[in-house]
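Labels for the chains are A, B, C and D, by order of writing; each one numbers its residues from 1.
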């Protein structure tokens, strides 16, 4: 039993990794713009379709899908930010509703192009098989290992962009004090656009690596997006650590509880815990305290 | 041609009408001080110039160019530096990062030139400290240094001595005079402390209820004027 | 000994290392009209926020009619008898002037009592009396967002009056008003203060002279001086913090 | 006031009600059934308008209460139907229970066999659920997007619960074949009567002193707190009442529709409800009639020919309404009319305010 739970725990890491990639994008956007993008799940879905198209029509394997999805979905994000979100600046609830409209349009658009059928994408052959981890009763798939490494790499890249580059410095300045950032000559609209594109691009990447695990369909992204909203609620904003912790707690708890009881009970328990936690910490666990 | 020319601006804050067809012009190389009691619109005037609270009517010309509808970041790049009331240092960024952000407005490389630390020697040991952990006086110096990093031609300062101990006030005074002399920066200053204003500036403008009430050379800021417009 | 309606004892408030209120001692007597002045950042608004329960003090006590109120929830502090006006006039934009006042009107704070309450003749009479006081009778049916800035200030003052407190805290009631409006407001506040205690935060000294008996000067979170208008005007320390110098006659 | 109804408008409302009541005589059974379902959506929209339009709480999970009420009624009818139709259900228990290996109705579910117990129990249960949920969130000043996101997650989880526990809920296929009240004119009139009652109730609430306080909370929560209102209590109360209204609407919907599934409890219906209110005009109550009847009506007319296009159209329309017509159809018309009146009386509004914001704006 302990062995089986440990195995689930390991599997949980790959779930955490995917959730982390999705939530990173959402957290960066929410941190800078205080906007919840209801179409985030559909950006995931489009990322998966990018992988499907590359594999099905061009015969390119999944590795190609990662940069392609980032660029395609990032470009869509740029358009959405430019065409819609900046017009609703300062009205977070309206933005949320308008992006729901975007979500409906994207889903229908994909249905029109690809039809409502489920699609399948294969993981790269090189990642077939798995590695045996002592103490676990199943081999740990190379593909899951790849997901974890990719997530860590993206986490590092995000950290590096935010904390080690001039652009990241501007982003953090906008996050902390938008008017003052403008006073210093920072083009905050450009920052908003690029941040939104980057966050969307990450969702696209997540979609690509989800494609071989899940069946690809127009509605596949929604539940992941909801989980990542919960990550933001639990982890708070303003720090990557909060996002990592939120994703880790939610991803692991859902996986292990799903194994012990079942999927839905796991979700229900995690949700209950989140609601109770924010009763104590309404700003989430890791928000910078400032007045 | 004046460096900054304000032509009859009306500025609102929400529904409240703060500046009433206010006109003002600042010549190149001047140090001018805006005086007036609290709530007469001094801060709003500076915010109108930098663009944070753009006027609804009237025009603002900087270097002969109409900037009335220009976005804040473009004005900054055009050469207007702004040190707001309360300093507004980025609390979670280091002093060095705060200064490097200041370089953006100057369209310059983001390395902070040594000359900045010549002006503000006490910032050198604090370079890696988080902005939020500094004292008020240190923050004020960072704020001025940051604005200076953007190589402004016009520097707007909102109560730079507010809540700051006398020794630091003296340093700020010396720095402002040096900036003016050596870097040929024109300075527009909002100030409550009369002595400081007298020592630093050449011209003064007194505002009353969103309008210019008096404008003259600092020498003519007599006690009668002070009693009429400024004393409690 | 005079009885105090409000006593502030050794109050300290620090925000991320910065001291906003610094061991403040401060009293208001029953029935008094007190004006609070001080340069920007002196802690005037923060003091109101602490009294009304928005912020918690780091240290110290606040007593209202001898009863400790620091740290209690906002609605309880109101129910004890303290009502406040915000610095920026804060009214309900999409409600009419009459509705704004009827929300504020004393009584019916509980969910169920308000559910079965309709403004009766007495309530309407009280609201009309306030409307007359604040010169807004002719605007009663207009939404608040259509008011001018000065009218909004009056409306909020009127709402505070309608909420019928023992102690009224008015934060900058004349900001953005014309001279005539300011004079009207001075008359209004003097009238209100006949029947209750009032604390006003204000910068406009000609207005302060019109209404004040006693003035308290705050500076860097501490009480710098207290006294009559004349005493404060001639106090060299006050001149110093306001103008940054010792004596006016020391001009170069 | 936005929801103001003069005598003239009252006459208009009575005419509309009369037309709706007479509809079975000229509309035919199919259209009558459809209109009955739309009226259930109208009730859901009314409840959303109470909490969002008037109080400023954006909930993306109110289908939970609608679907909850619906499942109680559908389950009750199904148990009864299975027990009394031995020709079709030999074992006397619902088909989905049998497929999942149950041999008899679980003891704890037996009371639901009586519709007179099940229907009120559903409404009360939903009220209790909303009360607990509201108590947890509103007491801690959770508002704005946080509230929206949490209610959304609540809806997602309930949908998954319904799908998961198929032995007791019918799972993915939902509950079907329990005999419905469709094509029953009397039942249509009952739905209409309840809708009118809810409209009256919502009017009563929003035009009372209590309703004014709700609107004050929407306009500026902080200001109301300093006037001595325990804002959370008001939110909890109205959230609970709205949930019970939704549950009644759901129950009627289930009885009329004859089939109920996880979609009626999930986020899609939750958000669709918000869309109806936004399109119709929040804070107007009338908009809660216009929104669902317009959108659902257009959907049933158009979606058969242009199935895929329809979704695209709804999404785009919603974006356009949120961006360019934040007051919705009725709200915009009312605002125009008020402005005309004000101009006629020579007191034009100084400026148009920003749309209603439920955010607590930090000051200082």
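Going forward, contacts are C-beta pairs under 8 Å (C-beta built on N, C-alpha and C of every residue); 3 or more make two chains touch, one makes a residue touch a chain.
Note that the coordinates shown come from a computational prediction; the quantities given were computed from them, not determined experimentally.
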{"item": "Touch-network distance, subunit C to subunit D, counted in steps", "value": "1"}
{"item": "Between the pairs A-D and B-C, the one where more C-beta pairs touch", "value": "A-D"}
{"item": "Chain whose mean Cα position lies farthest from subunit D", "value": "B"}
{"item": "Subunit B and subunit C: spacing of chain centres that average the CA atoms, whole Å", "value": "31"}
{"item": "Separation of subunit B from subunit D, taking each centre as the mean of its C-alpha atoms, in whole Å", "value": "55"}
{"item": "Approximate Å spacing (C-alpha centroids) for the pair subunit A, subunit B", "value": "43"}
{"item": "Residue list for subunit A, restricted to those that touch at least two other chains", "value": "290"}
{"item": "Overlap residues in subunit D, where contacts from two or more other chains coincide", "value": "350-351"}
{"item": "Touching two or more other chains - residue numbers and ranges from subunit C", "value": "16, 88, 145, 147-148"}
{"item": "Residues of subunit B touching subunit A in the complex", "value": "50, 52, 71-73, 76-77, 82, 84, 88, 90-93, 97, 100-102, 104-107, 110, 146, 150"}
{"item": "Complex interface listing, subunit C residues touching subunit D", "value": "45-46, 49, 52, 54, 73-75, 78-79, 83-84, 86-88, 90-96, 99, 102-104, 108-111, 114-119, 139, 142-143, 145-148, 159, 163"}
{"item": "Complex contact set, residues of subunit B against subunit C", "value": "13-18, 37-39, 85-86, 91, 132-133, 136, 159, 161-163, 192-198, 209, 221-223, 226-227, 230-232"}
{"item": "Residue ranges of subunit A touching subunit D (in the complex, touch as defined)", "value": "34, 36, 84, 87-88, 91-94, 96-98, 100-105, 107-109, 111-112, 222-223, 226, 229-230, 232-233, 262-265, 267-268, 271, 274-276, 278-279, 282"}
{"item": "Subunit A-facing residues of subunit D, complex", "value": "58, 136-137, 139-142, 144-146, 148-150, 152-154, 156-157, 160-161, 163-165, 267, 271, 274-275, 278, 308, 311-312, 314-319, 322-323, 326, 354-355, 357-359"}
